[in-house]
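For reference, the structure I am asking about is given below.
Naming follows writing order (A, B, C and D), and every chain is counted from residue 1.
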Amino acid sequence: MTFFLAGIATLLAAAVLQAAVPRPLRLAFFAFVTVAGLIAAGTGALMTLLNGTESILFTLPFPFERATLELDPLSAFFALTISLGGIAGTIYGVGYLGGYPERSLRGHLFAFALFLVSMLLVVTTRAVLSFLFAWELMSLWSLVLLFFDRSNDEVRDATINYFVAMHVAFALILTGFLLFMTRSGSGDFASFSAVMSDPSFTETALLILFAGFAIKAGFIPFHSWLPKAHPAAPSHVSGLMSGIMIKTGIYGILRFTLIVGVPTTRFAIIVLVVAIVSSVVGVLYALAQHDLKRLLAYSSIENIGIVGIGIGLSMIGMRIGNGPLILLGMTGALIHLVNHSLFKGLLFYGAGALYRATHTRDIDKLGGIIGRMPKTALLFIIGSVAIAGLPPLNGFIGEFVLYLSMLSGAPHASGSYGGLVVLTAGALALTGILALYCFTKACGIVFLGSPRSNAVETARDPGGAMIAGMTILAFAVFVIGLYPAPLFALAVTVAAGYPYPGDAAAAAMPVVATLGSVSRVLLLFILLFAFLYYIRNRLIAGGGGIAPAATWGCGYRHGTARMQYTASSYVSPLMTLSGRLLGLGTDLERPQGLFPARTAFRSHPHDLVDDYLIAPGAKLIRYLFSLLRWVQSGDMAQYILYGVLFLAAALVWIMGGN
Amino acid sequence: MSQILTILFGVGILYLALTSRMRTYIQVIALQGFILFLLIVRDFGHIDWFTFFFLAFETLAFKTIIVPVMLWRIVERTHVAREADPNIPQFGSIVIGTIVFLSGFAVTDWVSRTDPSVDALAFGIAVSTLIIAFFIILSRKKLITQVMGYMLMQNAVALLMIAMAVELPLLVNLGVLLDIFTLMFLFLLFLGKLHSTYEETSREKLTSLRDQP
Amino acid sequence: MARTLNILLLLFLPFLMLGIINRVKALAGGRKGFPLLQPFFDTLKLLRKGAVVSTVTSWVFAVAPALALAATFTALLIAPGVGRTQVIAFDGDIVLCLYLLGLAKFFQLISALDTGSAFEGMGASREALFSVIVEPSLFIFAGTLALVSGHMSFGELFSLSGGSAWPTVAASAGAIMLFLILLTEGCRIPIDDPNTHLELTMIHEVMILDNSGPDLAFLQYAAALKMYLFATLIAALILPADIPAIHAAFALPVVALLCAVLAGLVESLLARFRISHVPQFLFLTVALSLITLAAAIYFRGGVA
Amino acid sequence: MMIPILLVFPLLAAVPLFTLRSRQAERSVLIAHALLTAGAVLYWAVAGPEEFIGYFRADTGNLLFLALIATVYIAVIPASYRYLEREKVSELWHRIYVVSMLLFVFSMTGAILASNLGLFWVFIEATTLASAPFIYFERHESSLEATWKYVFICSVGIAIAFIGILFLALSAKGVCDLFYTDLIRNAPQLGRFWLLFSFPFIVVGLGTKAGVAPMHSWLPDAHSEAPSPVSAFLSGMLLNTALYGLYRVFQVLDAAGLRREAAIFFLICGFASLLISAVYLAGATNFKRLLAYSSIENMGIIFIGVALGGAGIFAAFLHLMAHSFAKTTLFITAGNIAHRFGTKDIAGVSGLREADRPTGALWGIGFAALAGLPPFPIFISEFLIAREMVTQGRFGLLAAFLLLVTLVLYGMARAAFKMYLGTAPETAKREPPRLIEWLPQAILLLILCILGVAMPDAIRHIITAAGF
């Protein structure tokens, strides 16, 4: 706890002191202090995870009065995730911001440090008011970070959208909290568990809370803000938002599951279904995108869905007393959550480097970057393999634990629950393969092949700090992928806090052994690959070496770069298959006349929630508003009439004996 | 005696609903001021002499003389002899005026059953006057007519005060009168301003400030 | 012993399957066909050659074949071999096996895109699409087996037991499904036609148009291995649970070769589907896996 | 001794100003008056209640309102100075400005200090008189229109309020006079019928001045046409002052056992205000009107808080305080923006952040404060109001409240971000920002921020006491 508090203090110091440091040194100073603070906070969190819960009570003036900061395993786990992601994000961010020498960045850095602090506070406070306070500050600072690029209309719209979405989320969370609070008579989270005797009340309150947290986390259909905000933010911020911030929504759900204990069946199934929909539809939407950062944003929705699948399974497990589902579902969710924060950070940072170099996020304008930005390309491909959930990288580990939970949990689940679990496995597999499809597109079209436009010509790898930030993440991606046991152990510490029939630690032992086997197979695979690659090079050298040539054009000699498969053609077979769900809209300007001057074909992704929920909702509100158009007509007599009518109505009401 | 005066007050207001001539409006306002003065003289004799004197003086001076004169001067200056075309035709006005009176007295009947201490006649006429005043403010187009409506409203309030025999402290009475008459000056000042800005001072001109949702 | 045998079989049985398919097709077409081990010799020949590499490509193109082969080979080490013994076995190994295939696929796809060729992009796109449909059915099927058996390891999962008709139902539905997947992943007619020379109609072959020499050898071996994998799965599934060890040792090669014969027959008798019809065909696998799941729930005691 | 000084000073000071004819002297008088007001507030806070000729009283009950008057006054003076300097107003209008301001503050202080409802009414009416020249100050056609509407609607409203007071007096006839303390003490003896009968009149009447629906309509016009420092005054002070009297009457009804009925009126007005402001904020094209609608919204929230009772009352007064601070900041800042960009249209302003950093920051932070984001107290007050709704089990109200507040925020955020982000138009003045233009507001926001995070007990007691 001491370390943790010291870390927060250091971050606050970084926020304030950087303003006083002269501009040339400011970024370096900021990076140094912030990373130090995050390391301290992360160490504190890690120590708690190893040693047990710690809490500290502050006596403060109104409005907080009593505020508790507590690091229990769940909080510590998230604090650790935030610290890790924050360190890479800070280092990368400083590199990224180095490209804006003309800006003072005082405000941006201030918001950056406070953003980190508020996230750390969100996961450690234990009372309604202080939680909401930290929560809103987190939204506020992320909002400030979001509009880094101020001259852009897209950024503005995304900011407004984000602001409103966050407020809706806040309103829901507030309502949920208040329901608990008034029942228990105290704002302390700890007191909430006392009011759970009324299941239907608890379920309602939980559903409201879930909806609120789901907006933050980006579950479909609550996700609308996310694919707009992430692309608009500068990349170091998108990385943090997507990698860390949306996880606080997950934290909220987990925290309340922890408080409530066993949720109702209906709630568990709702969570699971929402999660499945998010993962499958999220990745389908990701596939459809032309904008690299939007693609990554939708992919965040998918990954949050995967995390949600674990949580949903765990909840169902709690309901039916199924140990593997509880323990491994939760563990898998937590592992995937950490993993996602690593590789999604890596991918966003890669996309940021790309944007800095090419000034476009349009996948179809890129191509062949790998020759010009080899480091970025390598790191991005590593991130892509990881996010597709493929071995030997970390993405696989989380999904593996989830599959393990389903395979070992299903036989002990009675009746239709077993079927549900198996279908969930199918959904996870579908998500996994679609993610693979999606990220072969992201890597393949963006980095490989020939350049599709001259945006690519000037592309160069970014400088040291940005590469360093990404390398840290890539390194973590490898380490966790090959040696998952420590992370698994930490996640088990957290998961053991949930109602589990029996000894959770003992139940986790065989899984550790399994993960050991996985590691060994993966090592074997790597050795085999190294061997084969060596052989291949030797064989080629022995067989006459490499003869460079043009790509085989199947006899056609005038192939141009524009004839390569594009982002949309690559996914078009799937698009035709998934039809309206995906809603990839197309515009075709048909050729006209004998000598058509110009034809065009464009495809643009839709979002069903935007099209059928948000847009009609906005339209409805506009319509309802227009019904009140007459109110401020400018006619003074009419204004007075309102008062007179009100008065008359009131008097009639009174005379009617009210 | 006071009942006759009160009824006269009421007849005046009914007459107002009938006419659209500015001169008539002003005459009625002055008449009402004078009736109020008489009523005050009759009913408020028992209160302390300073307040009494003050009330009586203010009513006579301002309500009966100064305000009507000022209104008249504005009318002269702006050449508005009559309310151009009221929102509701003449005949309709009479009907509405009658209905207003009836409903005013219905209210009064109901009120006086709840609280018999209220002077039902005066209360009824005051309420009716109030409603007519609102009616004029809401339905007439000329700003000057609306100001007259406001003045009628003030007369109604004064009659109401008499009807209910409510005594306010001197300080308050002083302030009330001071405020109202300053306000009237202000109205007329701005009315003059408005007239010099716009050709015709009807309330339809004043709708440039508005909003769309 | 069985493990060693497994590995040995891996080295030539896949080639033999290719040879048999070819032979069956040739016989059906009234031709003689090339020697049964010709694919093996072709591969050996390719290994002795140099490579022609497009200047557009990057290191991705260079590592992908070795990586794909390594991943596929490792996956095969996990798969149930002779008598359902696996070289490596642990809980949930099936997931690793299938995901290793995924890794191979990932690199094959981006290696195809690396060439910047429209044809190879097209192949990659189609290959990816078909996997999208096949993958969930495999997992649902595996989950169903786990649901019933309570086991988590490949060999145990595929060893069907239990009363009533469950093993029969599961084995028949599963075998059909796996055979369909074998045709798909093995790039056979009616999904794909490895022999055509019209690039537009190919899937797997068009993806590796630019690979040559040892790279091509690796990729072809990997493709053969993958087909063999599904044959082993079919073998594991249809063999009775209590088969004696010595019989089991012969069972796998026999089933694998039977699969090859069957595939050859299918190729001889069917024409290739229009690409746009392939997904409909593949949804059959999803349907089969769902049927198995429904059967499993029924045999476990119904929906409760 | 402070009450008479405070009441007499502006009246006496107004006279010599006409003879001195020096702008410097005029400004000095304003500053002296502001400091005097602040001094008086401090004096009362320390020395306790004071009474003057029975009709005026300063105690903990109105200290919050007095303190807000003093704060807003002090904050507005530099802005007024800058405004008068910038607009190059004539000798005459300069004097009119100063004298009106003296009288305006005088009438508001009087209204708050008055311990008699009738006297309160007199002063409220006087505020209309004193502020009318302000609204006309810029002498456009539109300001003339706004002034006319302002004066007329407020006068009608105030006349209605007077009728209500008459009825209230009737209900108190034979029991007591219209002194708040007497009324509240003797509330059970008051005639219930007339008491209830009077309330809608008083709500509509004083509600007109307090800027709540249904008689809010003057507010956007007046606020948008008045000079910005004056708009700050209107929003930050005048609305509070009207609410003060209304709340006292509410208390009388509460004490007389008519809380339910009174609360219904307040709730209807409050929600109607929220609705109207949500509707018109969404389409606002003029940023001063935007702020004015936001004032309507915030008064609506205060009404809702009062109607809820319990913790809602504290929340309402906390909200009132926070709103005064934030709105003062924003109106003064809006004045600076209007000057720099030469327009009050939202469409004409963009790139505030680039054009004028301190103003941009104030605009952004001020909006955050108004939007109920932490660390500002509106966050706390809205939280408390929502909590009170849940405690009372009024989930329908809560849903409507949260929905409307969200819609309001959408309208405001749309405009605020539009203005803050983007690039500044060519026509924007490039002069560097001056300290006097932003420092007072920055201090206000800083205080507000501190109050939202760690409120000293003294201030908390003052806010609590305003509810008693």
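Just so it is clear, a contact is a pair of C-beta atoms (placed from the backbone, for glycine too) under 8 Å apart; a residue touches a chain by one contact, two chains touch by 3 or more.
All values reported here derive from a predicted model rather than from experimental measurement.
The chain pair sharing the most C-beta contacts is A-C. Chain centres computed from CA atoms place B at the largest separation from chain A. The mean-CA centres of chain C and chain D are about 77 angstrom from one another, to the nearest whole unit.
Rounded to whole angstrom, the centroid-to-centroid distance between chain A and chain D, based on C-alpha atoms, equals 43 Å. Chain B and chain D have centres, each the mean of its CA atoms, that are 31 Å apart.
Per-chain Cα centroids separate chain A from chain C by 35 Å. Within chain A, residues 625, 628, 632, 636, 640, 651 each touch two or more of the remaining chains.
Across the assembly, chain D contributes residues 148-149, 152, 156, 220, 279-280, 282-283 that each touch 2 or more other chains.
Under the contact definition stated at the top, not a single residue of chain C touches 2 or more other chains. Touching pairs of chains, sorted by label, consist of A-B, A-C, A-D, B-D.
Put simply, chain B touches chain D in their complex at residues 114-115, 117-118, 130, 137, 143, 146, 150, 153-154, 157, 160-161, 164-169, 171-172, 175-176, 178-180, 182-183, 186-187, 190, 193-194, 197-198, 206, 208-209, 211-213.
Interface residues of chain C facing chain A in the complex, by the touch rule stated above, are 47-60, 63, 65-67, 69-71, 73-74, 77-78, 88, 90-96, 98-100, 102-103, 105-106, 109-110, 112-119, 121-122, 124-126, 128-129, 131-132, 135-140, 142-144, 146-150, 152, 199, 209-210, 213-215, 218, 275-276, 279, 289, 293-294, 296-297, 300-304. Within the complex formed with chain C, the chain A residues making contact are 367-368, 370-371, 374, 377, 381, 384-385, 388-391, 396, 399-400, 403-404, 406-408, 410-412, 414-416, 418-419, 421-423, 425-430, 432-434, 436-437, 439-440, 443-445, 448-450, 510-511, 513-514, 517-518, 520-521, 524-525, 528-529, 531-533, 535-536, 539-540, 542-554, 559, 561, 563-565, 569-574, 576-577.
Contacts from chain D toward chain A in the complex involve residues 148-149, 152-153, 156-157, 160, 196-197, 199-201, 203-204, 208, 213-215, 217-218, 220, 261, 265, 275-276, 278-280, 282-283, 351, 353-354, 361, 368, 371, 373-375, 377, 379-380, 383, 386-387, 389-391, 398, 402-403, 405-407, 409-410, 413-414, 417-418, 420-423, 452, 454-457, 460. Those residues of chain A that touch chain D in the shared complex are 60-64, 107, 129, 132-133, 136-137, 139-140, 147, 150-153, 155-156, 159-160, 163-164, 167-168, 171, 174-175, 178-179, 181-182, 621-622, 625, 628, 631-632, 636, 639-640, 642-643, 645-647, 650-651, 654, 658.
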